[in-house]
Each structure stands twice: as structure tokens, then as C-alpha cells.
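This structure is in C-alpha cells; I'll ask about it shortly.
Note that the chains take the letters A, B, C and D in the order they are written out, and that residue 1 is the start of every chain.
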């Protein structure tokens, strides 16, 4: 019963097998290898476009911060939700990579930005007021930190408004596959077709070992050279790039990443059903692979006694359970049994 | 005949096997896993001390920049050789990670710093002159960029002088194993016993996939918490850390890293012998796994015609050949044959 | 009727006279001059201590950012009110000077931090959680952005709690004199005796030309050398420092700065009385030289027609009127007359 | 006999008088005042063009670093002479303001860059090599640190080559007037007509109190908004900007700055003559207001005994004497007398 995080799961076996296959003979360093070239072709198919550039990084923090640093000059800010991962969990990476740029935090239910507040802010701030730090980028997260999903239409609405205000649009897709699985949108619909300029395509949480891809769509491609330079000086251009590429290849091959996302989402729905069965309320609608349950202390104790791993004290008072590609029905069943059993003395 | 770089070589099979073994069941993220704990124990044995802290990164650039940023405040500088990797090949990573610190470049034969010049500089700069950027760290590289090695005594002499001047001592050991193999020094003798405060223990070029370890010795341990925080915000705290640790484990296990280093050095000696046989001069004494040969254009042409990969135009006019754990005697033999064959029309 | 800002006022004549006097013959550059030495002696008298170091800068933004950069490493944050000048009006100077540190914003009535929320935050954040950006400094502003004042006791209470949590305490005193004039506290009581480590002693708004002093008290003195180095590399070590020092000297001489502050506060009280007379509500209690009046559109129109300068649309819906050393009773009287006259067609 | 620096001189009386005049009544803050507007008109006349933007700062370090940060992204470098002020005397300001950009140092006789070396470097570096830090700006200094001057033609030749390589051209004119006075070039000829994109027009050393102007010519004007934002967040947008503007106004009025520069240069020539008379060799040809004399220890002793202030141990073994607008013929005469008098016992 490990629901602590999708990052606690191992990598999918296909990923390590692909790395094994890549480990044969010499290969050009720093991304000039053949595996990386094949990933390019895969991404083109997955996103239904040739009009993109990309770079593979070993962590979501690296991908987000590199992506944002290409679009947010140090004298500007990035608008994001006040619970966004870039605000809560990346130790000021955006401030570091942008050279002192700033996050401009906004509220919103279920970790989704409120469109009205966003539109109002863009309407009212004075871009010519030299004393303030005007926004240069809007960063959305899908799946959000509360496990909720923006539909492709919602993303498009935010992106349209952002573009009107001269902002670039970043999507933190650490759990992009989970958002797609829930909404039914295609990768293209949820990204460039919705107006996303730069996407963090997270594959680590989905089932890779260490692989989060920055994708620059359309005109944002012009930032490709800068992205590589910034990656290099951040230590994110490992010599043997082929092993990052092999992970992406394995995940994208045959839509594995989407299959794994669907599995994780399905497990989360089953887990939610187990909670509901027991009249346990959920803090947020389950729209991905995360379940936030309002457990009473007895239930928390019982689960912990039985060895379940989860965040018992998530901000807001709920307990967070994350399902992954490796979550089994047996684990869900164990939760059910634990909840049903009586308290021990 | 691939002598382009030791980073062009694949990873040693043991490394991927160890990663496979690590890929079983859930594990705590961010370095709290068991493999990382085992690496700590291995490092203690290898370096004959418990008085250290460490962090594993995926690239030498990351390791160097993180290490130096813990010791060089933004208002100070790092003394290094003018051909050091941190100056030539890391896209300003030190300037980035230190927040605008500076490299203070010094010359020296064979990419080794000149001790007299170094001592003279420390004697003459005015630490109280607020307009200049005084040094806070000395960074040595062993094996150097010219394939030469500092002996442990030489390192100790530099470190002693640096300490007198209040400087911390960093050793860029991207090819640390090669330097040990040549000098016969132990890891401890070449690092903390010689006065090194922080070591970049490079394992990627030696045979890992993507694994360079920052080790803080003795009092420098106090920087451990800062090192982790800086790693996190640089995107160098991948969730599934166990896979970085597994690489280190495989390389350190049974002294594999030293065996591989010795092999690479031996191949370089054989290659040097092939050149000498043909009366080809070497730019620098071969003290590691790199050979810098002063080839005439005909020889360069012939080698390239026969498919040899190497840097034909290294700064200074030589051609660089790098041997790795994967270099075979057959490859050396092929060089010999190519050099002996007549020019084609 | 210029109430736009205390920065719109000219400098007090004594300030320019002192600069004239300083402008005689050669003098050592960069702060080694005699005027600067005299300012040191004055500050010792004013703050009743010899245990301090200081640096004079030409702007409040410079003083705040330099001060905070000595205490907030790039991997940490500064706690401040969400309406603080460092957040609203300094274009990310703190993020810039700290090398990517962050402001952690907190709410509170009348631009004063809420002590309970502050204490609760310190209690609950996890200093060992490497993913977040823990606080290193508390920055208070006195007089606040709403023209309210912290008493010396209130400052002391915040400082005590901050110290318990290992935080340094900064006081942005852009309008320090106004806060002293209102509370009756002495400079010492409102600064080091209350636990303030580093003070921005603003003299520009009080009546100088361009002079804001960073003062390091007690143990914070150890940061003096770093402060100078940071000032130098920020371009805040002008060669002819004696002219910054002369301004400070003129302002501190005979308590001129406090006299001018008292005058500005008194004018603000008179202005507030004029508004109250006319049944105009004030957004905040007037505790310094700023008046925030809830004017109806007709009154705004009339004042603007008659040439009054003020911020008609301050955040929150009030209009901001700032009095300065140069504000005259006649100007207040003009406001009264304008408010009383009928609307024009 | 004060030859320590032109920054040790007082400000010219006209400068303080202009500040007095500016100190009357309220004025808009942050550069929106009338004095600043008049300076714009003056600069247009002086530089014979309307096609420029500008910002006034209080120090040469501020002006240089702000100027360069608008043209050198953090992943690039600034080419400059290895003895340039930005390298030797500004505490890493360029690295700070650019967010970790780098200075690329080049040698050259008399602190003037060697055109051949410069051209060769541009020819040979690989702009696509992601590991190195390619140049984005060429920074020349005129008058140089050795008191030598580039002719307008020399500047133009460098600028042309720089433009071909895609580099912007910065001129550090801390002693711009002295260079003009020596070469006879007009301000326009030595700046935008020669291909300079951004000029640091130094007036502080020339006779102002604290006033160095950044001027963006031609297309570089597009950086005006960024320059202001960077100035603001560096604390270089003092509220009462009119006092910086008043200094510039006084210096430019009637060509005062050029008169003062000519005076300083003339004094330097007289001083050089005094040395030559005494068979004292000069390290560099005197082309501005600085004289580098190769004094024997006896002469140094005698001068110091008689109270002369100068740098006795300038790098390279000479003694540096700087003349300013305030240097008198009597001071020169005193040097002559001292040199002629016998040693004391």
C-alpha cells in the first residue's frame, strides 16, 4: 500500500530495457545521438506537428525552470497558482534560473487558477509602471496539485487571454498523461492547439526513471538554442544523453505513457470508490491519479498501522494518496480491508 | 577506432545491471533510499573516513558548479587554470551557480597551475581592496585537460598554500580514477589527506551512465545542507535518486572504477607507443587516458579516411585521442595499421 | 497643493548647503573622507551606541536590497507584508540582490503584519524540507505603506519571535522619522533595542536629496565588509562619497530630520482634520505623514481642477495624500477651500 | 599636489549651483522632471542626433554594468581589455548585473585592445559550441586605463569588426571628455558615428559630483525600457532624479565638460614635461589626463615627503598621476621643485 507519491514507484521495465538497448557502442555526446533523433520523430507523431523543438532533462524542476527562464526575463514575473509546484516544491528554482525573476501568485479553487481574477489582473496592472514586476509568462499546471484537471478548452481560454496581454504560456505537465487520460484531449489539443508555447512533458511520475521533456511549440522554437545553452550551464546536458532519450523513447513507444496514465487514473477512481463506500469525503473531485481524502484520525491510524504510505497531513487537512503505473488492485483492496477492520486496542 | 571522448563510450554493463536491480518496488524519493545509504558506506571505505557528506549529480558540470557555489560567494572568485573545464566547457556554470562569482584564470604548463605564480598572486593581492574580486576557492583539475596528473604531494602543496590564504580547495576529478591510476595515490591521499575540501568524483567518464559525486570532506561537511538545497533548486534532486546511487554503487563495488581507469590509462600508453613508433611527437606526457599527438595532415587524413574518431584540431595544434574503459587493443592496432599504410590517391 | 509624494518635495536647504561646504579641496574617495567619519559619530549619538556599522546609499531601494542581500542567502526567503515597498515598488530588487531569493508575503490590517499569523507560520514550516524556501529574514516597514506605525514594543515582539526562529530582522525605515515622531520612541528604542539587526534609515523622503543609510547593529556589524563589497558591485560606492555623507550630516545635525518629520506628521493631522470636518472617511488612522481619504468622485474632480496633486486611485479605493517637510498650512487650507466650494458646471 | 585620482577632486562649482537651482518647489519623481527633459535636449545637440535614449546614474560602475546587462545575456560574455575598469575595479558588477555573464579578457599594449587578436578571436570561436560562452558585446574604454586614447577611426574599426560578428559595442567613457580633447574628435564621431551602440558618458571624473550617463544610440534605443527597469531594481532610480539631471545640465552647458577635460589634459602635459625635464621616463604616451612615470625610489620619497598624493605602485612598476579640472599650475610647479631639491638626510 504505497500511495506516498508516483515518484516512489520504480521505473517501468520497458524504460530500463530501452536504456540497455541504447548502451551499445560509442555514440555522439550531448544529444547528437540516434536515440534522441528517434524521440524527435516520436514527439512529432504524438503532438501531430513538426513545428517544435525540445530538450530532455532529468527532473520536473529542471524542465520547469529551464522552460520558464527562456520566457521570463529577470525583470519580469511568472503568474501561477499559489499552490503550484514551482511555488511550493522547487526551492526557488524559477527565481534562480531567471536570474531573480519572480512568481506572481494567484488563488483559485482546487489549485486551478480563477479565470476572472486572472483576466482582471491583466486588465488592471500597468505595464509601464517601472516600479512593479510585470508578468511575462502564465504557468498552468495540468494535472493540478489538487489532482484536478483543466480541460483543453479551459487551457485555451487562459492562453488566449494571456496572449492578448503579451504573455507566453507554459504548461507544467508533470502529470500531463493523467490530465489527458481524464479529459480525453489529445496531446496536441492540450498543448499547442490550446495555445501552449512551452510544455513540461513529465514522464518521470508516469513511469520513466528520470525524464522530463521541455517542448517548445511554434514560434517558441526560436528559443531552442537558448534552451540548450541554459541547460548546459545548469548541468543539464549530460554527456551520455542517449540514456535520457531512451527513456522517452520507451515511454512514447506505442503510447505506453498514456496506458500507464490511464492505469494510474483508474486505480485512483477505485480508491476513491473505496473511500466513498466508507462515507469518507473527498476534498477534491478525482480527475487524475491523486485522491485527497478527509480521513478521521482513527482511519489514519489504522492505515498507518497496516503499513500504508501516504501524506496524512496535506495542507488543507486532507490526506493525499497518489496512484501510479505500479499501483495494484490488491493495494486498493488492502485499503478497503483496513478501513473496514475494527480499531486495535 | 572511437577516441573522440570517454563520454562517447557506453556505460559499463555492471552499471545498468545495478540500475535494473534497484528498480524493484517503491523507494523513498530524493535520496532517502537504501541504495544511497549503501553508497555512503562504500565512499567511507574508499576514502577511508566517515567524516564526509556527499551528493550525487548527473553531470560533471552540475557537480563542479554545485560544489563551487557552496564555497564561493557572489562577491568572490575561483582561481583555476585558464584551460580548466569550468572555464572552457561549462557555459558559465560557475558564474550562474555562484550568482555572479568570477573565475580568476592562471596559466601553467600542461594545464597544471604554476605553484610559484599562484603563491605570488596570493601574496600580492589586497584582500581589503573592495574594488577587486578576491579569491575564495582554488580549483584544481586532476587529471588535467592536457592529460597530465598532479601527484598527491603537488595537490597538498597547493592546498596548503591556499589554506594559508583562507581559500577552500576544490578538486575537479572528472577523471579522478585516471589520476589515481597514474600516480598510485589512494583516493584518500589525493583528496582530504592532501587538503581537498570538496571533490568532484567523476564516474561518468570512467564508465557510469551519468553519475558525478560531490564529496565534502571534514569541516566542509557543514555545507551539506546548503549543497542539497542548491541541488534541489538547480533541478539536481531527481525524484528517483536510487538510480543515480545505483550507478555509483556499481562503479565503486570491488574497485570497478579503478580497474576501468587503469584499463583506459593502459590503452592510452599503448596508443602513445604507436605514435612514438611512427616518430610522431606528443604534445604532453601521457599520464592518464588522453593522448595529444602532433600529427601531420597526411596522418590526420588517413585516420579519418579509416573511420577514426578524434579531435583533429585541439587548441595548441595537437590532435586529442581519449581512451575509455571500452577502448580495445584492436582499436589501437587499427591506428597503427592506418599510420603505416600509404596515402591513397 | 502637492501631496503626490514626499519624494516630490525638494531637498531641505540645509542639505544643499552642507554639500556646498563639503565641496572644497580634494578628499579621499569611496567613504574614507572626513564627512563620512563625522556621520559615524553623529549616528553613534543618535542611536546611543558605538556598536554598529553603516553605509550610505542614494535610494531606499538600494538600501533595502543591499541590507537584505547580506542576510538572505539565495536559497532562502524574506518574510514581509504583501503591500511592503520591497514587494510592490522595487522591481524585484531583493530577488536581484540576493541572487534569486524570494519574498514570502503575509497579510495584515493597515499594512502591518499580523503577529499571530507570523508566529503560526514560524511554528509550522519545516526548516528541513528541502523543497520549500525557508525564511531567513523578517522585514518590517515603519512607517507602513498605509501610513500606520508599529510601536517600539510591537517591533520588539516581532523581533523576539523572529530571533527565536533564527531569522534576522530588517526594518525598512524609509519614513523612520515619521514613525518615531508618532510613537515617541527614540531611534535606539525603535531599532537595536527592539531587536532590529539592520535598519534602512531613510532620509530622502524626510528632506535629503538622495540619502538612505543602511545601519548594521550589534552582531550584524560582522556583515560590514560584505555590505561594502555588495555596494561596490551594485554601483553604490560613488567615488565622491562625501556628498552622500554631507546630506546625512545636515539631516542629523541638531535633529533636523526629526523636526522635519514632526512637521510632516503635523501637516498630515491637519489635513486629516480637514477631511473629517467635511465628513470624509479615512481608510486608515493617520499615524505619520500620509492620509488615505475615501473621497467621492466629485471631491476628486474638484481637487484636481484646483491643481491638487495626489494619488486618486490608491489600491483599496482611497486617495493618498502625502505631506512632507515642505508642505505648508496654506496648502492644507487650499484643500479645505476646494472641498467647500460648489462643483463647477 | 593631489594627483591621486580625478575622483578625489571636488565638483565644479557650477554643478552645485545647478543643483541649488533645481531645488525649488515640487517636481515629478523618477526622471519625469523638467531638468531631465532639458538634459535630453542638450545631449541631442552635443551628440548631433535625436536618435538616442539615456539614463543618468551616480557612478561609472552603475553605468557600465547597467549598459552591459542590456546587451549581454547571462549565457554570453563581454570582450574587454584585461586591464579594463570593468575587470579590475568594479567588484564583478558586470557578472552581477548580467546574472552570471562573463568577461572575456584580451591583452593589448597600453590598455588598448589589439585589433588583430580581436579579429582573430572572432574568426575562430565557434558560435554554435554550446559548451563555451560566446561574446555578445565588445567593451572599449576611452580614455584607457593607461591614459592612452583610441582615435575615432580606431573605435570605428573595432566596432565594424564587432558588428560583423554580431556583437554590440559599448564604450566606457569614464574619461570620454579627455579622449575627445586629445583626439579632436567630436562626441558624435567618437560614439554613434563610429558604431558605438551604448556609451557610458562619464561626467563624475570630469567635474560633476556623481553623474555618469548611459546613452543608447540608434537601434539600441529599443533597450530604453529595459534599461529603466534594470536601473530601478538596482536602486539606480533615485526619487529626486532632478539632482542627477542638474549635474549633467551644468556640465554640458556651454561645453563646460570639454573645457574641464582640456584643462586636465593640459595639466597632464605640463606634468609630463616636468618629468621629461628631469629625464624621468614615462610608461605610456600621455594622451589624456593621466601620467605614468617611472620614478626612482628617491623621487618617490621626496614627492611623498612634500605631500604629493599619487599611486606610487601602479601595476607594471610606474607611478600614476592623475590631473583633474581642479589641478593647478602651482601643483605642477611644486612637483618640479620637489624633484629638483636634494634628498634630506
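As a convention for this text, a residue touches a chain if its C-beta (ideal position, glycine included) is under 8 Å from a C-beta of that chain, and two chains touch if they have at least 3 such contacts.
Since the model is a prediction, treat every value here as computed from it, not as a measurement.
S.K.: Report back the single chain whose CA centre is most distant from the CA centre of subunit C.
M.R.: The chain farthest from subunit C, judged by C-alpha centres, is B.
S.K.: Across the interfaces A-B and B-D, which one involves more C-beta pairs in contact?
M.R.: A-B
S.K.: Report the inter-centroid distance (CA atoms only) between subunit A and subunit D in whole Å.
M.R.: Subunit A and subunit D have C-alpha centres separated by 51 Å.
S.K.: If you average the Cα atoms of subunit A and of subunit B to get two centres, how far apart are those centres in Å?
M.R.: Centres of subunit A and subunit B (C-alpha means) sit 34 Å apart.
S.K.: So how far apart, in whole Å, are subunit B and subunit D when each is placed at the average of its C-alpha atoms?
M.R.: Here subunit B and subunit D have centroids separated by 42 Å.
S.K.: Counting only residues that touch at least 2 other chains, which ones in subunit A make the list?
M.R.: Residues 74-75, 90-92, 96, 99-100, 130-131, 229, 232-233, 237 of subunit A each touch two or more of the other chains.
S.K.: In the complex of these two chains, what residues of subunit D are touching subunit A?
M.R.: Subunit D reaches subunit A through residues 30, 73-75, 99-100, 130-131, 226, 228-230, 232-233, 237.
S.K.: Write out the stretch or stretches of subunit D touching subunit B in their complex.
M.R.: 74-75, 77, 88-92, 95-96, 98-103, 105, 130-133
S.K.: Where on subunit D is subunit C touching in the complex?
M.R.: 2, 4-5, 7-11, 13, 16, 19-20, 23-29, 57-63, 65-66, 90-93, 96, 204-205, 209-210, 229, 232-240, 243-244, 309, 326
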